[in-house]
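Here is the structure we will look at.
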Amino acid sequence: VPPPPPRRRARACGLEFGSIPTGSHNAITDVPGVRVGHVTLWKDPDSDGNGAVARTGVTAIVLDDVSEMFRRPMAAGVAVLNGAGELTGSIEMREWGILETPIVLVSTNNVGRAYDAVVDAVLESGIDDVVIPVVGECDDSSLDDVRARSLSVAHVREALETAADGAVAEGVVGAGCGMITMGHKAGIGTASRVVGTGTVGVMLLCNFGGARLLRVGGMVVGPRLGDSAPPLDTGGSCIGVVVTDVSLDARQLERVARRVGLGLARLGSVAHHGSGDIFCAVSTANRVDRDARGTRTVTVLADAELSDIFTAVVDATEEAVTNALFVADTVIGRDGFVAEGLPVDQILEWLGLAP
Amino acid sequence: VPPPPPRRRARACGLEFGSIPTGSHNAITDVPGVRVGHVTLWKDPDSDGNGAVARTGVTAIVLDDVSEMFRRPMAAGVAVLNGAGELTGSIEMREWGILETPIVLVSTNNVGRAYDAVVDAVLESGIDDVVIPVVGECDDSSLDDVRARSLSVAHVREALETAADGAVAEGVVGAGCGMITMGHKAGIGTASRVVGTGTVGVMLLCNFGGARLLRVGGMVVGPRLGDSAPPLDTGGSCIGVVVTDVSLDARQLERVARRVGLGLARLGSVAHHGSGDIFCAVSTANRVDRDARGTRTVTVLADAELSDIFTAVVDATEEAVTNALFVADTVIGRDGFVAEGLPVDQILEWLGLAP
Amino acid sequence: VPPPPPRRRARACGLEFGSIPTGSHNAITDVPGVRVGHVTLWKDPDSDGNGAVARTGVTAIVLDDVSEMFRRPMAAGVAVLNGAGELTGSIEMREWGILETPIVLVSTNNVGRAYDAVVDAVLESGIDDVVIPVVGECDDSSLDDVRARSLSVAHVREALETAADGAVAEGVVGAGCGMITMGHKAGIGTASRVVGTGTVGVMLLCNFGGARLLRVGGMVVGPRLGDSAPPLDTGGSCIGVVVTDVSLDARQLERVARRVGLGLARLGSVAHHGSGDIFCAVSTANRVDRDARGTRTVTVLADAELSDIFTAVVDATEEAVTNALFVADTVIGRDGFVAEGLPVDQILEWLGLAP
Amino acid sequence: VPPPPPRRRARACGLEFGSIPTGSHNAITDVPGVRVGHVTLWKDPDSDGNGAVARTGVTAIVLDDVSEMFRRPMAAGVAVLNGAGELTGSIEMREWGILETPIVLVSTNNVGRAYDAVVDAVLESGIDDVVIPVVGECDDSSLDDVRARSLSVAHVREALETAADGAVAEGVVGAGCGMITMGHKAGIGTASRVVGTGTVGVMLLCNFGGARLLRVGGMVVGPRLGDSAPPLDTGGSCIGVVVTDVSLDARQLERVARRVGLGLARLGSVAHHGSGDIFCAVSTANRVDRDARGTRTVTVLADAELSDIFTAVVDATEEAVTNALFVADTVIGRDGFVAEGLPVDQILEWLGLAP
């Protein structure tokens, strides 16, 4: 059984998410220079029942060539809404205020391999130094046989190398293959906004929350969806990445990253105990030469202008999660576990939108 | 002109906020031992135009006698969503994980006087020591003549001394007199929830956000309310206080406090640049003797049970803010500035609820 | 009995603190524009035994006219080593990365009055707005009758208005009157360093630690000083202020502030449970117009250059604390409590320095 | 050339570090149940010059069987003095307040492999779940050919499996093979203290600071050691691990972890820009059943008792670093780079101790 084909994005179904215009692909790749690579791992046992179930993968967000990223890191900030998860490199990001590698998303048990793969990639690019990659994770163990550890270092390298600009696949793809959100199949979601001063893109690996609390387009739909909701305290998580070409500094980017959580709240998330809701934000316009000495001059946005960017991030986050839920159709995984796709037509009807 | 009389609370208008039952008053005072005191300062110039406009006041949340609070502080935690504001005592609360005084809410320029009043109260209670009070603030300078500084130390003492249990006045009362939220008159709001293990109460001083983003009952109503919305980047803030009789420790209470922000997000807040969104959470069931030595035994909730409390906090926060908006009617303040009450009937109609 | 006259500073006694040169006064006022004001409150009962003992005061660090500070705040950062204390305004400093008022130091119970005095000063300077002052405290209740509350708002205003550049009084002066450090009388200490890129000044209100752990000039002297040491877990605290005219941003200044704690460690501090060791750092060269919109261009030091500034801060902090201990002579306070001055001659002998 | 044999520990040379007694091995293994495993990787090119130089390794701190650690994690806290480094799992440690795996120390580029090895170990122990290991790193690239990546997953497993109690090898061993501190060869150091309530053990991977600032036994020796000091802003780091059988909760353990930095300061560290000074603290006496529901009763030390533990941590940290410097002799590494051993005899003479 192959992965389910993607369904329509939320906006194509008539939903709106605020008044700020989107970028041309309504994706993180609308920020110039940003590329995304997915490698999907999708396996079933053979006819004799041998072999593991794979519903996992890797997604890479590549902001520049790995050697250039290392030599001229970008200003970055990190925020944690609920820290039951991992984003490696977060300590350095907070201290130095920079991102120096691609950002790689995988399932929890594969963080080490993704980390190792990025180290390899940096060394092979000609850097003779040590590096601390940024790898985020969510737990896909309901659908994926995480003990089988299907992901290899080579898969991560492939995601890095095939990263491309333009439209971005969402839902059941890359690291999103085994992810579940608000009780329904989800995975990768993205959106973008064009503010006066540049473009803001978000990409999320969505794996959080319980069905009873779900809100779509603002409407509280969870209770109407019935009793199939899994309990709130299962595993879960959401890694959120914001990229912008507005020139912001590290302190501002931490503030921007913090807003992703407010977007999750619009879907009904209460950031339950087991959720690793961890976010980072990066400015492609504020780069810091690793070997810089003396002083440097940097142009940054006035803080008073940040509210528009905050609104863009919250709106785009709400849309990205809704995209992940709308695009991802039902997946059957490990031990026959079924993650139902969101009943989109039903919800559109409730919202007064023609299915 | 006296303050406008309170209007109906949100639940009395037919709105629902999640499935968890409320306490008997649906107020922070449903947590045993919690008392609230309001002193409202409401003055207009005399017929000759002399005298300042006062649209301010003080609200005190009293959890025990001041001497008892000091001798046996309660476990507490603090969280900052956007820190453009002040909650004194937050550094000690984070380090020692306790609350040792009442919590007092005032307008920004009056923090020092509230602080001083609590010191007086503690010393007069027989404590011969130094004390760090917890005072939170929002900026009511659109409606109140903040230069006139109408609030005195005596007003704060009065709020402490008149604090009572039972039903709590909301909206245009106490520290809420001059506050504005999501473009409309607001102020004090409260709500409570009964979870399996105890009661969770919240009280908020609501003064945040812009009208264009307003959501009520989940529905996005801001754009339909027209162009009267003030810009997002005006002053603002929300101080949120959570109190529970569930026995939680300081680490857990910090996590609980953090959830208040998710409740604000349900109203549409993006925590704009100028907002001081600062929250604390206190457990009346986990007290620490100031003079304790050796070891102590404490019963705490398992972390895995926290998700229900998180849900209670987010639901109650959403309801408390909605209460502040529903109860508070239009106020005319300093320089004729008008803070319109939320057009509740219109919104109820949009929500399909009979006005 | 008047306050004891100041004794010699540590450097005048032959001690050295690293290899970086000092500024001309070896004081925080070596940073251009920085002024310091002390008001000392020193009272004893009359011959009939009536009246309280005052061993307290206020110290103001003024970086510009109050209206100019408010209109064009300076970049700032804050760090907490042990948070059993208070520095008001720290939440805003962390979020906005700025300082917008003078910094005032008082004893714990007087924070509210100092806060109120700064609000008055800002309003009287013509600012029609709300303001969040920065007030730090240590606990002088061993020597001062803190229940008598000798400090008034007017005393704080006087410290602000009499602040001057040039040499700075240390030891038993201003807010330092009642402070005790490492078991000996201490109080105010200051020092400065000239690095390649500018001047770094520190001022500390020293009130921390126990005698058994004391190190002077690196040498472990505590155990040789005998058994008079008070227990470690008494009250205590150290507020540390770093000011520089090197252009640093808020993230860098937080890192700078964090280094003050390493200077305290050189004196033997373990940041005991009851200590409020709270530090801030400010750059007079990086100012942010409150009304700024659009973008601004800022020149900041490359991070790789920070290590020299870190060294300057740690060295200057060690020297400032040592100054506080060397300059402050024995004080007898409330209830006859004696805070012995450090036996400087004995220590100089141990260090091989001629007394 | 094999690794240099260990030299004498600091205490064996006559140095003292405070008045609190040590445990029987004066090592982290004095805390019951704690085991340490080292695997040293030491290779030179063959006679034809082929092959890489390896001066690296892995050190594992094992607190219980991996499956038991996962099922019943220990209370833990984390603190960052300067975050230019990595300790994976720190986000979860901060949120949940627990440690659920062994702690593994490696060089920077090998973090991913160590992470992967621990995941393997946990899965093989019978856990069918996802896991977030705790792996810390320092940069040994001055001595080790980090591009050759000599460490494999198998080496990490070997360190986990051979971990033993009793005396612990220090200096040039395990992860310490290529580490340099305060300008001299260092590596692994450990020490312990017995306080009234239990045992406190520390282990550090020491790789920080510059020679000019070095203090030993309190005495400032850096400037007397001459000009061979490397510049301060080279790479560096210190991962510090505190383990105790005193029952502390997560908030207290974060406070304990923060004190490690004060111990580094006693050696002269200013936590330079490039240093990853990251610390964690764990209580073996406060375990949290992963599947716990309802409430649990925990016995914790009164906060007022913490000062003794803080003193123990700072003293033991100072001793552990001094041990790392005293024990490690000169190492020649990659490209002929020489990391000189500390001239111990010279320093003992300066300290008035017989060599």
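By written order: A, B, C and D. Residues from 1 in each chain.
Operating definition for what follows: contacts are C-beta pairs under 8 Å (C-beta built on N, C-alpha and C of every residue); 3 or more make two chains touch, one makes a residue touch a chain.
Treat the numbers as computed from the prediction; the structure is a model and nothing was measured.
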Mutual neighbours - chains that touch subunit A and subunit B alike: C, D
Copy-to-copy rotation for subunit A and subunit D - C-alpha atoms, rounded to a multiple of 5°: 180
Winner on C-beta contact pairs when B-C is weighed against B-D: B-C
Reference subunit C; chain at largest CA-centroid distance: A
Intercentroid distance (Cα basis), subunit C paired with subunit B, Å: 34
Whole-Å gap between the CA centroids of subunit C and subunit D: 34
Euclidean distance of C-alpha centroids - subunit B vs subunit D, Å: 45
Residues of subunit B touching at least two other chains: 82, 95-96, 255, 303-304
Residue ranges of subunit B in contact with subunit A within the complex: 18-19, 81-82, 212-213, 215, 217-220, 223, 232-233, 255, 258-259, 261-266, 269-274, 303-304, 306-308, 310-311, 313-314
Residues of subunit A touching subunit D in the complex: 80, 82-92, 94-96, 107-109, 111-119, 123, 128-133, 137, 139, 141, 146-147, 149, 235, 276, 278
Subunit A residues touching subunit C - in the complex, by the definition given at the top: 95-97, 197, 247, 249-251, 255, 288, 291-305
